[in-house]
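Before I ask anything, here is the structure I am working with.
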Amino acid sequence: MIRVGVVDTSFARVDMGRAAEEEIKRLTTKLKVVRRTVPGIKDLAVECKVLIEREGCEACMALGMPGRDEKDKLSALVASYGIMMAQLMTGKHILEVFVHEEEAESEAELVELCRMRAKEHARNLVRMLLHPEDMLRLAGTGQREGFPDVGSAKKLR
Amino acid sequence: MIRVGVVDTSFARVDMGRAAEEEIKRLTTKLKVVRRTVPGIKDLAVECKVLIEREGCEACMALGMPGRDEKDKLSALVASYGIMMAQLMTGKHILEVFVHEEEAESEAELVELCRMRAKEHARNLVRMLLHPEDMLRLAGTGQREGFPDVGSAKKLR
Amino acid sequence: MIRVGVVDTSFARVDMGRAAEEEIKRLTTKLKVVRRTVPGIKDLAVECKVLIEREGCEACMALGMPGRDEKDKLSALVASYGIMMAQLMTGKHILEVFVHEEEAESEAELVELCRMRAKEHARNLVRMLLHPEDMLRLAGTGQREGFPDVGSAKKLR
Amino acid sequence: MIRVGVVDTSFARVDMGRAAEEEIKRLTTKLKVVRRTVPGIKDLAVECKVLIEREGCEACMALGMPGRDEKDKLSALVASYGIMMAQLMTGKHILEVFVHEEEAESEAELVELCRMRAKEHARNLVRMLLHPEDMLRLAGTGQREGFPDVGSAKKLR
Amino acid sequence: MIRVGVVDTSFARVDMGRAAEEEIKRLTTKLKVVRRTVPGIKDLAVECKVLIEREGCEACMALGMPGRDEKDKLSALVASYGIMMAQLMTGKHILEVFVHEEEAESEAELVELCRMRAKEHARNLVRMLLHPEDMLRLAGTGQREGFPDVGSAKKLR
């Protein structure tokens, strides 16, 4: 079985890691999920790197929920930058699954958005590892994780 | 044959990778294109690095379409930073070909801009790998990929 | 005993390192705290890296207090970025514990906030090193260090 | 002869590389200039790194002209960050010579500014490689490349 | 004798390096100062790295004066980021001593501020290398280099 890491945070207000894990298990029996929880989004990158290098994970999902303030946006930038560096240092994909609090207008919407985005990225992870040819077919098709897809732009007839 | 990577995204609304591949094939038979599609622009850098290090690509094109929101701009910054680091870690060129949605005023314009920019950067890639002396001749000539070139600035007579 | 580093600054207006150290000692006898003080937040990252690589620390806390001005925010960004890189280079967690001056409305509040945040992150550190399974149970529960927890978002019934 | 790299772009509207090369040749016969042209400013860093590591250059000049838009400013930031990393990875100086389009009010002014800045940085390069003691004498003297020097600040008598 | 690097710029309008060197010599005979001057703040990081790796310096001071414009602030960010990376790559402290032009209201004030900040950071350097226990005593005491210290925040009695 191919091992994949799913790392989320205690800061987030929705259990995004569980949504991701459930979807991976629903889609395939070929991946084994390794779960970790860290305090905040800036702790995700190193945890993913450790899962790849010491736990043999082939890819990871890094799930988190940046806050609304200006300083939260800078935190998200640094967290995101760390996930980028962890990918380049390991040569493995780490899908960043962030939901900004202000993307949803109510708590109920937030729960739904977090779960949907986590699940759709779980599907991306499964595709990338097991069916990379399916990714090619989606090139330029305007996929949106957690929201309705926008589709390809139409050219003038 | 020299291998080159062409990586695009399922988030983009135009099939930029195909436009790039077609142009490369139209211009030369000396390059072999390796295609990959990843979910979003922050997944481009590690995929290009893998294509260079494990698939023997001599250079890559990383094509994507950042969204309009403030957080999309920060994503573009991180994606761009990752492409930069991937170049420095591998010592190979990765041409970043991004089209920001707001650069075009209609869907039809967006399609046209994406294809033109992808093609013109495909031409840059071919020049850099096969005819580097042609690049020298273009120094300071105000080339603009996807839009009309602006040309050299005129000095006072 | 597992060694952990606690690094704070002479720039901060509250002795955050002491609060962290006291809390670690109160919670467990299995961790040995190594203390360091540096001038400002941009000196934290390298000090933590040295504690991990040369003093055998398994994890660190980096405590500081960014100022109010625009240029202080850029300093915080660079400091934070450095802590991120130090984690990725060492493969160890470094918990960033920053209190922005404007988060509190009075000096007394500032003292209280700094101590509470330092203590709650000390608890995170102890959990991560000694009881990682406890972190998993906190996934998505809206923990806030130094402020009251906000809890999980409620879905519609 | 000591080899130095001069890398410019086809995006720029002034042939900055030529101005730099001419000035280096006018000032000394001890340096051999290696020229390269890349598409845009984000392609400069890796080209300079290659010139240092594979072509034996002792230092480089990276010349470019960032555009006016917000996204151009982020490109300049990434380009600049890449030049910084290339310096740290090679242990060699790479002088960044950027002229922002809005620094000049007319095309004629732009041409003049680009040439002057390129030449004055060429002088810096020559000094750093051949007469480092001359740099020490300029410490704190308010040098401005491409514009009149502002000089040292005056203390109260 | 322990070697320390002091690097400043020809862009700055005050001879900050000299102020730093004089203060180090006034405070101790155990440190040997190695001076370098580079053109601007983005050239400081690699010079410090070279001083550490090839000249055997145990620590460095990087002194500079960022300008007022938006693009100067981005330059300061990149310069600062480079100093951070140089520290992490070498495992040695490099104290960043920047004075932003707008921190002072007159040239005379600027001269005074630059000198004071350089001197107070020179004192930090001496403490860190020769009396690290003195740094611990300053934890959370609100030190401000170049301005009056603000002291510890007072808790409610």
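Letters A, B, C, D and E mark the chains in the order given here, with residues in each chain numbered from 1 onward.
Here is the rule we go by: a residue touches a chain if its C-beta (ideal position, glycine included) is under 8 Å from a C-beta of that chain, and two chains touch if they have at least 3 such contacts.
A quick note: this is a predicted structure, and the numbers were derived from the prediction, not measured.
Chain centres here are Cα means. That of subunit A falls 25 Å from that of subunit C.
In terms of their C-alpha centroids, the spacing between subunit C and subunit D amounts to 40 Å. Multi-chain contact residues of subunit E (touching two or more other chains): 77, 81, 85.
Chain contacts in this assembly form a single closed ring in which each chain touches exactly two others.
Around the ring, proceeding from subunit D in the sense that reaches subunit E first, the chains are ordered D, E, C, A, B. Interface residues of subunit B, counted against subunit D in their complex, comprise 73, 76-77, 80-81, 83-85, 87-88, 91-93, 95-96, 100, 121, 124, 128, 132, 135-145, 150-156. The touching residues of subunit A, counted against subunit C in their complex, run 8-18, 35-39, 42-43, 45-47, 49-50, 53-54, 70-71, 74-75, 77-79, 81-82, 85-86, 89, 107-108, 110-112, 114.
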